[in-house]
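Take a look at the structures below.
Note that chain A is present in both complexes that follow, paired respectively with chain B and with chain C.
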Partner chain A sequence: MTAPRVRAWHRVWGGMLALSVLLVALAQQFPQLGGFPTGLVLNLSDWLNAAVTPAFEAARPLGVLLSALAETPLAAIRSALAWAPWPAAILAVVLIALYSGGWRLALFAAAALGTVVAMGYWPKAMNTLALVLVSVPAAVGIGFALGALAYRFPRTQPALIVMLDVMQTWPAFGYLIPLLILFGFGPTAGLAASVIFSVPPMVRNTLVGLREVPPAIVESALMAGARPGQLFWQAMVPSALPQLLVGVNQTTMASLSMVIIIAIIGGFNDIGWEVLSAMRAAELGRSLGAGLVIVLIAVLLDRITRGFARRGPRVMQARWLLAGLVLALVVALVLSGQDLLPGEQGQRWLRRIDGWLLDFVAWSAPFFAVLRNAITYGVMLPMRIGFSGSASPMVWGFALTPEITAAYVLVSAAIALLLGWRSPQRGIIAGFAALLFWTGLPGFPWPGVFLVVGVATWRKGGTGLFALAMGGLALAGLSGLWVPMMQSVYLCAVAVLICFAIGGALGVIAAESDRFSAFLRPISDTLQTMPQFVFLIPALMLFKVGEFTALIAIVLYAVVPPIRYVEHGLRNARADLVEAGVQMGATTWQMLWQVKLPLARSSVLLGLNQTIMAALSMLVIAALVGTRELGQQVYVALSRADAGAGLISGAIITCVALVSDRLLRSRSSIHRKVPE
Partner chain B sequence: MLKKYVTVAVSALALAGLTSAPVMAAEMGAAGEPIKLAMLEWTGAQISSQIAGKILEKAGYKAEYVTAGNYPHFQGLADGEISASVEIWLNNVGEVYPKVLAAGKVEDLGTLGLKTNEGWIYPKFMEEICPALPSWEALKDPACVGLLATPDTLPNGRFLDYPADWGSRAATIIADNNLPLTAVPSGSEGAMLSELRAAEAARTPLVMMFWAPHFILAEVEVGWIEMPVCVDQSNEHCIMPPDVNKVVWSGFAGKWPAAYQILKDFRLSTEDQQKMMLAIDEKGQSLDAVTTAWVDENEAIWRPWVDAALN
Partner chain C sequence: MAQASSRIMLSCKHLWKVFGPRPAYYFDTAGYRIDPEALAARLRGEGHIPAVVDASFDVKQGEIFVIMGLSGSGKSTLVRCLSRLLDIEYGTMEFDGQDLARISGRDLIEIRRRKMGMVFQSFGLMPHLTALENVAFPLKLQGVARSEREARAREMLELVELGSRLDALPSQLSGGQQQRVGIARSLAPDPDLWFLDEPFSALDPLIHRQMQDEFLRLQNQLKKTIVFITHDIMEACRLADRIALMRGGRIIQLGTPAEILLSPVDDYVADFTAEVALSRAIRVRDLARPAQGEPPEGPPVPAAAPIEVVLPALAAGQRRFRVEGDGGLELEAGAVLEVLQRDARHGFRADGASA
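The block that comes next holds the complex of A and B.
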């Protein structure tokens, strides 16, 4: 390595650092530089309500029409599923599984559905299935149409992509109130939310599928004299079919994850309702059972749709499947009207889990109290109130004397300079870290936040991103949500750090050991599909209401992407370069840090991106354990039926998500497909 | 159909004129159309709803139960998607209910008759470590407050408050009495119950806002803090037992007149509700079986309501 060159952007960031230090120093004297000045807060939500509520009420006739359109098939499917006796329904699903995925999948289907029956959740599970069977075709249809239109008119694509990102990151709780005004009480409002969330993967996969149709196929179709309609439906769509089916699969998964949102409104007595009721009564056993039903349905639908996407020989022929389904119908007719469901035994079994949990809590309370205090005092409080706030007799046991302040400044300046000598970039990063550690994330002076975010977005993403970031920050400040926003960022930042430490380590081990990887996969699947509400109960009992429990809930969900992406990146590191490392006699440790991880860099960055998205999406659920961030604001707005406030809080979360996504994406220039 | 009702109405009127009965019997109305009763999230409300429905069925109506979230369901009541909701805690109605009530889209049928309570509770074992309990003075004792302190609230003790979206007056009451406590919002009912169960299991101190009747009170033995005298009687500074009322859609009386009378008379005692809650939540019996049993055993209670409405 030669001597470091000082580039222009080093000067820019060096200047920013100096300016931030100045701001922090000034904020001691002028508190209006610390938090966003309350004098500037406007009553944005009232204005928004004045515009939004009448608009949605005016659109009510359209909403009533749409909800009639949605509820007719819903009621039909629901009563059909409720009519079909469970042995017949299971037979039909097992046959479909056999056709789609073979004997193992069929066996799994039988076991999974048998478990649902035994736990006493069959009728509720069927209601949930009815919701999915209505929302998925709607989402697939809309998504396919949008994707095809965007393919035909490429100019609309950039705007469409932004819209899809917004649809996926905007918390659904934030727009439930307008939907409720539009559609009235009932499952339609929830279905609409579910469709909004699950359309984007279908659009994306349609676009990818159509783009990747080989030109030869298009040309030969044209030479055969195909008209535009024929070209599209008879040449391009069949050729893009595998990718389209991937879209169907992801849309189904997204739709299932919204089951809980539909249940918040109620009106359908489904599994989501059961999860919410059990959470409300703080019953782990019942909520675990109901959550397991969702996981089983998700895995079944996933494997079956994936099986249809696969090409190749089938275990059985289509006509045998048809014959089998007719047989199932006969069984249904024979058995219909009889009460075949097992009694309350399964429910009683589930309730026993609660007793075990309480025994465990009583036994382990001292240990978890120590863990909670260690992380709260050591990590969370310093990141929230900073060194300047933590250095008090209450928290760390010593006061913030001028000597200690001087020592902190000297030590951090020395570290920054020392690192900066070798590489200016590291010096600047160290400087900012020291400054943040001093103020705590939420206490960083607001003009400094505008400045740092402004420069970063301007340099990485240009005017569009700059405008988005500044707009989001201004919205948070002007609507009086500056502190909740900074709290959200802080909570997510801590969660992402912990996720990367734990998930990264697990991913590294999984990349080395096939057995560990196979062991980890079902756990990851469960963590991602099990409704998060289920984890809240034990976390609450062990760690009490508050930020720490929220952190645990976020980490449990967001730890999955780093595991998957780190493993994926390491496993797919270029074999020739890895081989070269081995030839040079690198130790395992050196191989990991100096060869494989740098090679996996883009995959790891993508994993970081996904971790941030996952953490942000958990904010609203974490609010159920008592936090003070934006997710809580969304809840408060929901209970007050304040459409404006809900929309604003949701918009700020979306801005944070989009800005951090774009900032990281411009760093990882190589886009890769999502690994499974 | 309509003609038949008119005839019935006319003959009823004539009959009333002839016999000059003091009370005029109400019409059945659209008995063929199901009355949709809200099944809210908590067991107590589900019991009240099922019992109301079963009594209406005894009177010849069809009842249908719609699972519904507490806040969103007021929109449903206002639109008539839900016909009636028989256990509404007026201290927790959000902001839609007052609006639709003022607009005349729903009608308040008065009390359900539950004897309610609201206040600050603690697990009973705490009386050993804070001997001044149940008096509120215990919360001024530094030794007791020290046991309640957590990293987030130091040096104050931690007070577990209602979720932020329920609205709360703990902070004002704490300030009124200069108590060394910090109110922490709990986020959800499930969070409050988890904490109470864990506090009982692990014997960790806890003071929190709560209400009765509630099934958890049969499971965990708690004490109610004797509160200081209120600064004034306003809702901000004083905790008073909340009203629990029955609310129907504004078109209810016109569509099902007799059912309207029955629901107006409908009462449920706290003791009965608590017994049923215990049977369902602790003994694992089904909601349907427990409420059917109540209706079978208590005909003396509900028969007069049905008779008054029909005869």
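The block that comes next holds the complex of A and C.
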């Protein structure tokens, strides 16, 4: 067997590896090569505050106007929902569910809302719903208008896409302080954050929907003599409606997720606040109960809005729905003024399960401790402090002697060379892996980070991406957030590794077995509709505050994309190539590794991308249960009302997200559709 | 088949349509003076697609004008220029006394609303509207009151024999039914000029003939001026009063089906038409001539019938046939035999090629 040709980029990366080795060796002598030198740190957040605070204060009159605009409908909807007796409200929702999704959904709606009432969370759930009902129409309206404008002026699209990516990846808490300065303390700042976060899916779906209107429909409307307005409203929008409704669905779910998180600023008496205070008080039953309410609302909203996006026959006609809603109003009028809510019974019951839950936690502790130790010492520590840090009597039971160092160097060099002989690419990857395993991710010399990221972004994305990446790294270094940033990258990397190990395995099984796939699908669906906040509850219950708990929450949230994309990629591997593999006598295992997985490569990469995005967006929320990375910095800034620091931490997270997104997205896959 | 009057409905001269980065550059106000072939070749060489090249033709009132050519020859582009869904680079188009190429805005919308109708290969039905609402759609855009437009739409759907599926959504209809809805919709505003861009190509070949018969029945009733696009030579010969044959954006021959079949201008056209069974495609009136001397005996043959209808009598020894109508025409056996001989030669050549 001959060695494969060494290409130019193999040389480049080989050189980079050699340089990195040199840097790691030098960093032993010169500590300023390790962490970003503190001498270079500038007081960026103060400068930013000096610029941002007056600017937003100057815009205050506009903010006051907007909050008046937002709070009037909010107050109206809140009081309407508070006034409506629950039997009437449930009747209305059940009818809407029946219209949208049929009998099963109607039954589910009745059961779910009944549970909410029984647990005594009805008023709080209604307050959350009121926030959603204000934020969703605003986001849908803005998103539709932006999408339609971008469709009309295609030149604006590249800039708009970048803006949407930023809106979706910049953690809301990072800009909450400026919003609070602008709108004053009250629900409007939270609503604004929720709108900012939930507008992008509507824009994207509007754009896709309008683009995909068949040309024959446009032409036939034109030939029927449609004026431009008629063409848009009577032909294009109705044809794009299913896609637009998909946008409404995604916007609703994003909005709900954000509304619940934003409860952290308090004052709404909503269900998000309930979870938060229950978690703070360590009341497991109450936090599980409130979490369940959130999940029920989320699933219900998701299925109802999805049902509207479906085209086809309905169980009943629109006019019956209207009649039913009138009936619900009559019921409401008849029952109004009576106190129908069950008393404290539900809450008392929830408190009672506290005890059982505590017993369960205590009983299961040994098992979870094993898991925790295995992951902490086996994965997290080596990735955080590296072999050089963890090889101590306290952690691994042996000290880092020169002999051990030498052995490590020899073994890794041998492995890298062996692999590199057959495939230079694998050899280089093995070399970097050995180096990272030695230093730990956060301990990797900072010039090396600049170098590796710089070359990767330059080659893959050109000057724009290179500038973004270098800007982000420089911002992190200069603002003194180098270590938190590297901690964020490390935590994400661990989470993504675990997600891929679990999710990839599940995806492979699901691709082979239809029954397992059918079993997994509703679980994945539910996990994906759950607001991020909810994932903290079980993690916190089982593992107490700490980085490991945050990791579990991130993994729970981000495990679905690998399952979906791996299964999708394997199932869609080209049938003729798979048959050719069978024909050549490949075993099942060979088929998987040598035929199907390589064919599924682009789908798997897309899944990796989605997993990283999910993990990064969960980072800030997971910081609530104790981490030491950028997400935590965002909270610190929030609690100190430090607008500048919040903005900077948020901006760095956005940079990390955008850079890794663009690095992993090949050109061809940018417009690929997401598997359902 | 409707007999065309001599009034010209649509007249096009030297039409050009070019796709590419900057088509306008090649057509300055002074017009082009060079040979169209040379300009088309230059355009192709410089990264443009000349989709319609120097097309000139007249469409007479009441005739079925068929544009035929292989896929990619520029038929759809040409018909979209005529309906102004695309703007031409050069040339003149006169429709009903108006300069169609320069008209725009309100006037164009007005013309499309009242005088033009178009049927699309992929139907172009609104997925959210029922058959009835789809047909009423053009009238709705015009602001016709609901009861009135629905009455008209019902009438149109009855015309295409879909009176029983008024409330069906497009997704609940078969391809043939969807295209009938498309036809009814294009006819709802009672247009003078009717464009059909390969209306039957997306349908199952088995129902082509049925749809063609129905189309001819409609045209006998309505007497529209029709521009009909097809890539199917048999369809063209069955339906056309005149055929324009396109190749690479150019109209290479224009004439009645008989002219194209019997005197192709070049080998390309001859090859194109080789598969057609002449005894079926050539009609009695194509070969008829004024009767000389005694009118022939026997029952008269219809002028629009294919010449194969006389074959039994011909075999039985009849030499002359009286043609229906009061033009005093006759059909002579020699002319028929000549056509049959060509058919036989084609058949032989085709067999020889396949052997």
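We adopt the following convention: the second predicted complex is superposed on the first by the 623 of 676 C-alpha atoms of A that agree within 3 Å, B and C clash if a C-alpha of one lies under 4 Å from a C-alpha of the other, contacts with A are read in each partner's own complex, and residues count from 1 in each chain.
What we mean here is this: a contact is a pair of C-beta atoms (placed from the backbone, for glycine too) under 8 Å apart; a residue touches a chain by one contact, two chains touch by 3 or more.
These numbers were taken from a predicted model, which means no experiment stands behind them.
> Looking at the superposed three-chain arrangement on chain A, would you call chain B and chain C a clash or a fit?
They fit: once the shared chain is superposed, the two partners occupy separate space.
> Contacts for A:R314 in the overlay, against chain B (first) and chain C (second): which applies, first, second, both or neither?
neither
> Is A:R521 contacted by the first partner chain B, the second partner chain C, both or neither?
neither
> Check the residue A:R426 against both partner chains and state whether it touches chain B (first), chain C (second), both, or neither.
Touch status of A:R426: no partner.
> Spot which of chain B and chain C makes contact with more residues of chain A, would you?
When the residues of chain A touched by each partner are counted, B comes out ahead.
> What angle, in steps of 10 degrees, lies at chain A between chain B and chain C when each chain is taken as its C-alpha centre?
Placing chain A at the corner, the angle measures out to 140 degrees.
> Does the superposition put A:R665 against chain B (first), chain C (second), both, or neither?
The answer is neither, since A:R665 touches no partner chain.
> Between chain B (first) and chain C (second), which does A:R348 come into contact with in this model arrangement: first, second, both, or neither?
The answer is first: A:R348 touches chain B but not chain C.
> Touch check for A:R571: first (chain B), second (chain C), both, or neither?
Touch status of A:R571: no partner.
> On the A-aligned overlay, A:M279 touches which partner chain: chain B = first, chain C = second, or both, or neither?
first
> Which partner does A:G225 reach: the first (chain B), the second (chain C), both, or neither?
Only chain C; A:G225 stays clear of chain B.
> Report, in whole Å, the shortest distance between any C-alpha atom of chain B and any C-alpha atom of chain C after the two complexes are superposed.
Between chain B and chain C, the shortest C-alpha distance works out to 46 Å.
> Using the superposition on A, tell me which residues of chain A are in contact with chain B and, in the other complex, with chain C.
On chain A, the chain B and chain C contacts do not overlap at all.
> Which residues, counting only chain C, touch chain A once they are in their complex?
Residues 80, 83, 85, 109-110, 112-114, 116-118, 120-129, 137-138, 140-142, 171, 182, 185-186, 189, 195 of chain C touch chain A in their complex.
> Taking the complex as given, what residues does chain A use to touch chain B?
176, 180-181, 184-186, 263-269, 273, 276-277, 279-282, 344, 347-348, 351, 358-359, 361-362, 365, 369, 373, 376-377, 381, 394-395, 533, 536-537, 540-542, 544-547, 623-628, 632, 635-636, 638-642
> Given the complex with chain A, which residues does chain B contribute to the contact?
Within the complex, chain B contacts chain A at residues 39, 41-43, 66-69, 71-73, 75-77, 79, 81-82, 94-96, 150-152, 154-155, 160, 163-166, 184-195, 197-198, 201-204, 215, 281, 284-286.
> Flag every residue of chain A that touches chain C in the complex, lowest number first.
Touching chain C: residues 214, 216-217, 219-227, 230, 234-235, 238-239, 241, 311 of chain A.
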